[in-house]
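Chain IDs A, B, C, D, E and F follow the sequence of writing; residue 1 opens each chain.
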Amino acid sequence: MCLGIPGELVDTVAEQPDLGVVMVSGVRRKINVALLADQDLRLGDWVLVHVGFALSKISEDEARAVLAFLESIGTPYADELTALRESNIDGWPGEH
Amino acid sequence: MSVAHGEVAQQEAPRGQVAREQQVIERIERVRRARPRLREERITMAHGAGGKATQTLIDAVFLPRLGNPVLDRMEDAAELVAGGTRLAFTTDSFVVSPLFFPGGDIGDLAINGTVNDLAVRGATPMFLSAGFILEEGFAVEDLERVVASMARAAAAAGVQVVTGDTKVVQRGGADGCYINTAGIGTMIPGVRLAAASARPGDAVLVSGPIGEHGITVMLARGELDIDADVTSDTAPLSGMVSALLHAVPGVRALRDATRGGVATVLNEIARAADVSVVVDEAAVPVSPQVRGTAELLGIDPLYVACEGRMVAVVEPDGVQPALEVLRAHPGGEQAAIIGRVAADPPGLVLLNTVFGGTRIVDLLVGDPLPRIC
Amino acid sequence: MAGGTLMRYVDEFRDAEKARALAARIAQLCEPGREYKFMEVCGGHTHTIYKHGLEDYLPENITLVHGPGCPVCVIPMGRVDDAIHIARQPGVLMTSFGDMMRVPGGNGSFFDANARDTNIRMVYSPLDALAIARQRPEQRIVFMAIGFETTAPSTAMTLLRARAEGLRNFFVFANHVTIIPAIKAILDSPDLRLDGFLGPGHVSTVIGCRPYEFIARDYGKPVVVAGFEPLDILQSVYLLMRQLAEGRCAVENQYGRVVPWDGNPIALQAINQTMRLRPFFEWRGLGFINHSALRLREEFAEYDAELVFDVPGVRIADPKACQCGEVLKGVLKPWECKVFGTACTPETPIGTCMVSPEGACAAYYNFGRFSRQRVREASRV
Amino acid sequence: MSVAHGEVAQQEAPRGQVAREQQVIERIERVRRARPRLREERITMAHGAGGKATQTLIDAVFLPRLGNPVLDRMEDAAELVAGGTRLAFTTDSFVVSPLFFPGGDIGDLAINGTVNDLAVRGATPMFLSAGFILEEGFAVEDLERVVASMARAAAAAGVQVVTGDTKVVQRGGADGCYINTAGIGTMIPGVRLAAASARPGDAVLVSGPIGEHGITVMLARGELDIDADVTSDTAPLSGMVSALLHAVPGVRALRDATRGGVATVLNEIARAADVSVVVDEAAVPVSPQVRGTAELLGIDPLYVACEGRMVAVVEPDGVQPALEVLRAHPGGEQAAIIGRVAADPPGLVLLNTVFGGTRIVDLLVGDPLPRIC
Amino acid sequence: MAGGTLMRYVDEFRDAEKARALAARIAQLCEPGREYKFMEVCGGHTHTIYKHGLEDYLPENITLVHGPGCPVCVIPMGRVDDAIHIARQPGVLMTSFGDMMRVPGGNGSFFDANARDTNIRMVYSPLDALAIARQRPEQRIVFMAIGFETTAPSTAMTLLRARAEGLRNFFVFANHVTIIPAIKAILDSPDLRLDGFLGPGHVSTVIGCRPYEFIARDYGKPVVVAGFEPLDILQSVYLLMRQLAEGRCAVENQYGRVVPWDGNPIALQAINQTMRLRPFFEWRGLGFINHSALRLREEFAEYDAELVFDVPGVRIADPKACQCGEVLKGVLKPWECKVFGTACTPETPIGTCMVSPEGACAAYYNFGRFSRQRVREASRV
Amino acid sequence: MCLGIPGELVDTVAEQPDLGVVMVSGVRRKINVALLADQDLRLGDWVLVHVGFALSKISEDEARAVLAFLESIGTPYADELTALRESNIDGWPGEH
């Protein structure tokens, strides 16, 4: 639906707190980070970029949990279930 | 290099559906092979992008009227005999914007572009013409820079500009400076290259990382506000081609991957030789910066123009020597075998993805557009 | 590639070995003889599926059905004509995303219009359109805004910025749509049997996961909000299959690294501050859907191209041959449309699904159209 | 043909004044012969008009950077040796507006222009390239007309278009359609033509009435609101040249009189050969319509472009046969001897007026402009 | 060619045989040892003289001195700059005659300005500028009017037409000058000795012959109003020589076929209705001359580019090397100017006399610059 | 000073009495004839054209008189004087 690209926040823009610089594979672009004003963004954080705006801050923990789950796929079902729980996928509201 | 990972999808789909889909696919291929009809009443940007729209324009407007056995071959350069001498002859106009970009400018493009079209045809580039269309108001200083750059590029490629022309059009009648070059080369004895001669089993190589010219120019326009350490790959290929052809007898076809990028060249080969070309995505050399910019913009580097890279189709025996020659040549360090020629499905380019799937790499209609979805 | 190494959040999710393991698990979950149909709501998923050849990993009895989540594909022809009409007004420079340039209206696309008399140019971001407005005070810059809730916040933020700067030559032609009413329309459509949904990952960064709860609760279909790398989709299919195998029916979030359960409150507020729901809006192929699109609020009337310019607003009937509606609802596979690949191709699109790279027809035509059978045979050589 | 009517002005002017004026004239000639300096910072329309400004641009920007013995000769076409074969090679871009005009269009101009540059060099035109720069929005129907016209012109001149290129630029980046052609011909054995070989005593001929193309195009723009029954003279000269060169051994030089008209060509000859060319105004064939339009606009037909006329410099013995050959050839019925080559004053073109006076015919700076005073 | 045959009013007056007979008569009228200096007021005469090589027919002791009657040559550099300034205003399309395009201002000519940022185009008639204004209502069309009384009526008629049509996007930048004050300035100049004047034929179609009477009456110099074909000029020289020989001093009209003794009353009235004399005006090389130029009347203020646009009106001093003033007054022959033909050439004009084909320097450089001596010798070969 | 071209009036323009068509060497152009409104112009008359306006009607008699004078130039002075008088050159106001 919407092309979103993960980019690393590598710089700020002087006197323009709404802006930040992201890097994608060594390529830099100024983007607007105002939609994440409540996220306490820091250099080194990764964000999802869409049409020049950062839409969300990417969680490395969540990513690693998914990868751990995928690693576990070759292993018995029980391990897999543990990995799945860690990855927090099962998102019934009550579980949050 | 396997074409599809059949291990997983072992089950066959319901017979009827597969048969129907197969019929549709065959109908589509018939439509694709028919002479295309030009539907537009006016020229659009797509007609100049080197993809399907350009081919349709050529097939519908130019070939029916100007066609002859030489022109009809639609190779990078025409092969002629004049006074008993085998010559190659080619032309290109250069309308790049901006005129100056990291790694080059319209001047060296205009020389290298024509030198390369001669070289990949198996000719030794010798003489160039230069036709300038200048916009009223164009800075003389910029013209001097462009011409100086042409002079350097000509010297580097060992060619001479022997005839020229200058026209000036009113402000608004051009975008600064357009250059046309035409070039003459003498065919290297014994060499016969043709896209149509690709055969199943041949290997497909590229001479270096792809898409750097196109990405550089796109970024140099400044509109995308993207900052990447990437420079144009503009370079003469004549030295590399000469080394390759002298060392490896099994080279079937060469093409410089300009407008439309490597994907377009591969499609041209697949169609001319009625074969399929199967590319291994993981093997295609792409610099991180090109990949990053392409990701941000949602475009595919396979379609992005190079101005100093070529695709080579080489017989099985010649593949390793060819790769060694290319890698030994300056600018060819990252040359790679990116795929092979297969018999089926004829006329199509397939890509084995990094992910292990298979998909088509078709011609684009026009330029790849930055997209948001 | 994963583990303690640096994450890029891309290549890590394209690993063929993991895909094979996952595919094997999916195959294990298939009940023999049962057909599974999952709809990926989002065109981005459709694109990924074809671009990476993901179907090669799925057993033949799992079918992915392409949904309505391509913001370009659902724009009715009349809106394209309206945009061209605005672009023809004196001094207007129209801007939009590259995606819109080739979408056919009743009388050609933006490219065709440019070939006649308009000046419609691509921008990467609405902020770029605003920058043009700043640089060219003598021109009127109109931004044709398209997109679901993912994109609407950028339009909203740009409008707020334009007002803060007092720019008077910037206008928005709003065509933002909302995803939930479209999903509801599909669920209510009688001719479709689905076993579950791959939820749209990027829309969900804004709206969160709660809005999908009614699908599980009221319609009894599992939903997995999915990321856009091929392993994301494959894992999401696996999760759907597991819910079915386990007899569960829930909203799960596979894409937790990007999608917060509650979405992005700042983005939602920006949308709400600048736009309001239209009573109804026409979706290409799906017809009129209530409360399914956004327009500018009255407070932004002077930025609203629909008010400032005289927009004809004529409804253009889709070409007779066009079966985009069926494709968007997942009733037909792209190649089942009668004009697919012959009269309707990327160079001569009849329907919008053939234009956007996210459109199901374009994705299938560009990437998927070949005989897997023959290729498999050839690859044995 | 006498240069000045000395009968009347027998008395000599005061010695001192004549001597001073003479010094000034000599100083001017020294300045004219020095390599001109380009003073403009930006390109103006004059740089494309073929006159002094064009020459200055070439001398100041192109030759110092790209120059080589072939290019430096600045003939209509370069003479080359490739693989042992003597070739002529030339290029021109065509940016005429309007694209269609009575008697022709940009398409046949693009073919004939390059055919003629080859022909007047003493070559048999054989192969052409065609590079199109199209403006977004250009009507496909017009393109088809142009290409059809190229095809007819190529057939008429016996040449083939063997290689081509198409670029599209954004609306406002061109004026509909620009065409570049380059051409290859094989040199006719034994023929060596050069402007520099003109010698005192040679006769100067034109192959037909002058200025018809330029006047036609000027009027076709519609801005001048002048209505004249005049059509472009666009035509291939290759047949006529071939007939002439085979029949008359004493042809020294040929030039097609395009941009800048006959006056410019004569100046180029005078300068290249360091001779003077003396023209008899009454002998120059000009149609009444061209004369009438030129009068209304205050311009001189000698500077108006032709696209199917040439100037020939012929040894005394060859003059009458040459005139006969030209007149016998279709399109050459009104060929005429218009003057002769003299030794002094070197580098200048003089005109004996109908009125019996003598004046200089210098290069113009740019295009002749319609004037009111 | 004459006699009962059809008249074309051109070739009939270019007959070399008649010229030789006339030249012989002129030579007969020369008093031995006496030098004669006649000024052709009009640049058109200068052009004819050089273009046809007329000096070849005159004895060396008759000198033709080139006067100020080239409307382009007398435009001061500041006015060119003003025009370019107007042309730079948003939406302006400036028009003028081809003659103006290469005239250097303080910072280049119209062509140079076009190479930078203006849109200044040639027209053949002020009516053509008006037609452009009609066709392009969104642009502001300014016509830079130049010329003596010959041309002023066309500007006047065009203004009247514009007002009648109610056109609001047409403007005139008036630079019309009047010939009598310039002749008077020359007659009053101390450094010049003249024996008579060739009167300007085409100005006289409008103002008639009476305005020259003061020259004969008050300054004792004969005047012959002359046509523009070479025989016209030669005959006029003959008539001047005859007046001198007969000791007469009068205004004669050689150009009676075109010039009515009383001029053109309709033309004079049109000028008077639309324009009024300026208190003074700067003439290039001649300095400020009282009542020597026209501007629009107050009733036409809304058409007056000098009022509508903000015109800087800065006076630009002529380049130091420039001796145009001396040439315009006939004090110096063109080739006597220090920069003639070296620094000042048609491609690099320093003074205006080198620009217009009517300018004395351009006419001499383009047509007359060669050694008659050497040509004569060469022609004997 | 001002380029003036003799042209023959060969046509009128329907409903535009200010306009006429002149022909110069077979070339036609519409011009404005309003400055000669008092001259009773007819087709076949010659006029002097300047910047698209007819400035004066050309007198064939005057032209022929000048040519006659020029013819007479070879002849004795007395004849010449007669020719000169006919040509009306000597323009003292009183003589008109």
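Some notes on this structure:
Quick note on the criterion: contacts are C-beta pairs under 8 Å (C-beta built on N, C-alpha and C of every residue); 3 or more make two chains touch, one makes a residue touch a chain.
Just so it is clear, the model here is predicted, and its values are computed rather than measured.
Common neighbours of chain E and chain F under the contact rule above are D. The chains touching chain A as well as chain C are B.
Among the remaining chains, F is positioned farthest from chain C, on the basis of C-alpha centroids. Relative to the C-alpha centre of chain D, the farthest chain centre belongs to A. When chain pairs are compared by contacting C-beta pairs, B-D ranks highest.
Centres computed as Cα averages put chain D at a distance of 32 Å from chain E. In terms of their C-alpha centroids, the spacing between chain A and chain B amounts to 37 Å.
Computed from the mean C-alpha positions, the centre of chain B lies at a distance of 61 Å from the centre of chain E. In chain D, the residues that touch at least two other chains are 40, 42-46, 136-137, 170, 224-225, 295, 298, 371-373. Within chain C, residues 10, 15, 43-44, 70-71, 97, 114-116, 124, 128, 147, 151, 231, 358 each touch two or more of the remaining chains.
Looking at chain A, residues 1-3, 25, 50-51 sit in touch with two or more other chains. A list of each chain pair in contact follows: A-B, A-C, B-C, B-D, B-E, C-D, D-E, D-F, E-F. Of all residues in chain D, those touching chain B in their complex are 38, 40-49, 54, 57-58, 61-62, 65-66, 68, 70-71, 77-78, 80, 82-87, 89-95, 126-127, 129-141, 143-144, 147-148, 150-151, 154, 160-170, 172-175, 178, 180, 182, 184, 186.
Taken in their complex, chain F has these residues touching chain E: 1-4, 6, 25, 32, 34-38, 46, 48, 50-53, 55-56, 58-60, 62-71, 73-74, 87-93, 96.
Residues 1-3, 5, 7, 23-30, 49-51 of chain A are the ones touching chain B in the complex. By the touch criterion stated above, chain B contacts chain A in their complex at residues 224-229, 288-289, 291-293, 295-296, 298, 371-373.
Interface residues of chain E, counted against chain F in their complex, comprise 2-3, 7-10, 12-13, 15, 18, 21-22, 25, 41-45, 69-71, 97, 124-128, 147-148, 150-151, 153-154, 157, 179, 200-203, 205-206, 209-210, 213, 224-225, 228, 231-232, 235, 239, 250-254, 256-261, 264-267, 270, 358.
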